[in-house]
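Labels run A, B and C following the written order; every chain starts at residue 1.
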Amino acid sequence: MDLCLFAEFSFQSLSQYVLNGLLMGALFALIALGYTLVYGIIELVNFAHGDVFMLGCVLTYFLCMFAPEYPTSLIFIPLLLLIVPICCSLLNITINYLVYRPLRKAPRLVPLVSALGVSFVLINVGQMAIGTSPKSIQAQLLPSETNQSSANRETENATRSNEASEELTRPRRSWLTWADILLIGTVIPAMTGLALLVKFTKIGKAMRATAQNPIAARLMGINVEFVIALTFALGGIFAGLAAVVFTLKITTIDYLMGYKNGLYAFTAAVVGGVGSIPGAVLGGILIGLIYSLGAVYIGGAWVDACIFGTLIILLVFRPSGILGTRVREKV
Amino acid sequence: MSQPILELKGVHTSYGVIEVLKGISIKVEPKQIVTVIGANGAGKTTTLMTISGCVPIQKGEILFNGQPIHRTPAHQILKMGLAQSPEGRKIFPRLTVKENLEMGAFTRNDKAGIQQDIEKAYHLFPILKDRQKQLGGTLSGGEQQMLAIARALMSRPKMLLLDEPSLGLAPMIILKIFDAIQELNREGMSVLLVEQNARLALKIAHWGYVLETGTVTMSAAAQELLHDPRVQAAYLGE
Amino acid sequence: MKYFSASSVVAVLVFGLLFLVPNLPLGQLGIPSNLVTELLILTILALGLNVIIGYTGLLHLGIAGVYGIGTVCTGILVTEAFPFQQSFVITLIISTVVTALISMAITAPVLRLRGDYFALVTLGFCEIVVTVLKEFEHITGGKKTLQNLRPPLFPEFLSSLEQSLDLVGKWRIFPIFYYICLGLLLLIFLGLRNLEKSRIGRGFVAIREDELAASAMGLNPAKLKLMAIGIGSGIVGLAGCLFAVHSTNTTEPQVSFTFNVSVIILASVILGGMGSRTGMLVGVLLLLGYDKIGTRLLSDVLSQLPDKPYFKLSSWRYMIFGLVLILMMRFRPYGIIPEKRN
């Protein structure tokens, strides 16, 4: 069987890559949810979202400096999962309030350019915080497996977090690390929680109504600005959760990681259908698979091009994505 | 005479640099149907949107039950008892009929009362009950209009604002809807009806205003307007 | 009379000042002369972006990629590694045209997209271009870059002219190259001025203000947009050529042609106000001038302060550009909001 030229084919490693892809996909999906929620409600591509994620990773990194080693760290991890998402959430709410809210009535490109500006500001903050070279967390928060720590050390020597994709491609002795289990244990409740919130709660229905027709929502007595702020808050929470899990899994962060991962996540949102929550999940998984399998079978450098190519093709031919959302009713 | 339930005094509204409403004054007495008729672009929808707080006012006053509401945010105006069935219905397309109605009751907390009112809505517009689990976007124009009005009623408003309920609908449906409006009015609902179909509107209204490019050019009892030659020429197609 | 409008006066002043710059004691002021030339090259680059955004109303976030194409194209035509080895004048023309054509070809299919989608697609293009430039090393030099770009000024049959004017080798360095860049900038500036006054120019204004109305008037928005992309990209390609010759090598794609660079140029264009050539000129010179030269001057002063990152001006780079974007959009978004312009 001649499937590819770049890597030795073995069923075991293929399934490992697929598994890695699904795990990364879950991460992308978490971040993608932030993009899709905000876009669904105010039709803004929030360029800054990826950098909020990055700052969440930076915060996690700093908090880990105070982390106790395993097994005491097991108390610390829930603390991380509480503090970082809340901080990211507050950051997101603040950005919305200061930058986007005054521009509600402006043409679409104006808040878009502002979002670019916010992204740059956040990147600068990240750069001030951790400098221009990647940083790795030293603490062993999770039970170390021989593979995990040697992977850590080698990741430290890698120059950019892109090269973390090489870490993904290295065959693992064990299928799931503890970081992966944490990932699954975080992502699934988070997404389920969101789905339940949006479908069954009053505020969730208000969010859906506002996304479908903001003027009508106002006429129902819904405080649309509050709903928008809540959406940003939720997006921030997901960015924060993704940040904790990502940092504990990949263990290396750098100040530009928000840009790349943000674009992957946004592509995921578009693939699945921007504005659609299950779409973000589906898209995340697909992009994760492309990311993982692509790194192995077509070489890390072209993975980027592949994913961006996917974004372009989708935007040109099927902007509504797979689980297509209708275009908002024209006012 | 008691105070009007709704009063606009010298209201100016602009979209950007373009002034759409140039100092209009309108009064609705309690339990009246008042209609504002005029051509496209006269400013009818802007008037209702300004009242509901969705469009900011530049100059003038709006009083609801004597209370100034022109600086009040839209979601609070609804809570005060002023509901609108907007231009183009603006149904929530991916919520079911029932959920649309529930959205209308968003500001309420009394589950039992809300259920009661949903049943009342089904009584007023029986077709909605048949379609209660269908998504709003799949309804026909007439059904959507009924849903929009029923949805507006869900907040138990003291006054209803209706923006062109007849637009794009078949005559049979229009009659049904206008019958319903009259029934609501008989039960005590005050109504401000904005319409392009001047004849129908003037037939069911007590008082009428004619709006032309942002100014009120005529104000009289509906029956008078119906028989006024100028109105007949311009709006009644005679 | 319109001829002496405020912006004309400012433009004349600016060009006058620029003309005098080589007479300043740059060395004493601590300003490396190559930075001044680089500033001019970036101004030309920004002018190209201004054409695209100003004439089409489309947000092109991939302009750095187009710049890269121009640079590498020049590199290929000039470097000793390839048999072309053209002169500067020929290379300039070819690079401009080739960049314009490639950019038009790539962008044509996506011109009908909505503003924010178009922006994202150009972003994607930028990244793909960077990857292509990086990976196809045997053509583009990739990370190793194409080296030793030192072409003659004129093609062979004019080489005696070059010698008699004593330009051999000297034309590439300060101050002659500075004047060449300044001359090109002036030419392009005046060319655009005439273009804007022409019928085509008014067509551009029409499609930016209201595309639907413009097509009703018989204009072809798609064709006009493509033309604008072509002209703008050509100018950017020209800037790329100047950049390559000035640096004597192409630079690492992932450093010089990334999205971040696109945004930086965008910020400078926005600061000056789009659609206004003179405003943009001032804005670019101010912002990029500050970024390249001002920081250098100020950091000498600031080196007195303790060695913390937040005291170093270079640490604030991103923030400054970011704030420019945020504040301009908040308070002076003219240019992106056509109806606010008169």
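As a working rule, contacts are C-beta pairs under 8 Å (C-beta built on N, C-alpha and C of every residue); 3 or more make two chains touch, one makes a residue touch a chain.
Predicted model, so just to flag it, every value in this text is computed and none were measured.
Peer 1: What is the chain whose Cα centroid lies farthest from the Cα centroid of chain C?
Peer 2: Centroid comparison gives B as the farthest chain from chain C.
Peer 1: By raw count of C-beta pairs in contact, what's the busiest chain pair here?
Peer 2: After counting contacts between each pair of chains, the winner is A-C.
Peer 1: Suppose every chain is reduced to the average of its Cα atoms; which one is closest to the average of all protein Cα atoms?
Peer 2: A
Peer 1: How many angstrom between the C-alpha centroids of chain B and chain A?
Peer 2: 44
Peer 1: Give, as an integer number of Å, the spacing between the C-alpha centres of chain C and chain A.
Peer 2: 34
Peer 1: What whole-number Å value describes the gap between the mean CA coordinates of chain B and chain C?
Peer 2: 55
Peer 1: Could you please specify the touching residues of chain C with respect to chain A in the complex?
Peer 2: 59, 61, 109-110, 113-117, 119-121, 123-125, 127-128, 131-132, 134-135, 259, 263, 266-267, 270, 309-310, 315-319, 321-327, 329-330, 333, 336-337
Peer 1: Sort out for me which residues of chain A touch chain C in the complex.
Peer 2: Counting only chain A, the residues touching chain C are 43, 45, 99, 102-103, 106-114, 116-125, 127-128, 131, 259, 263, 266, 301-302, 304-305, 308-309, 311-312, 315-316, 319.
Peer 1: Could you list, by residue number, the parts of chain B that touch chain A in their complex?
Peer 2: Listed in rising order, the residues are 52-54, 73-76, 78-79, 83-84, 86, 88, 90-95, 99, 102-104, 106-107, 137, 151-152, 155.
Peer 1: Of all residues in chain A, which touch chain B in the complex?
Peer 2: Contact set of chain A toward chain B: 202, 205-206, 208-209, 212-213, 215-224, 326, 329.
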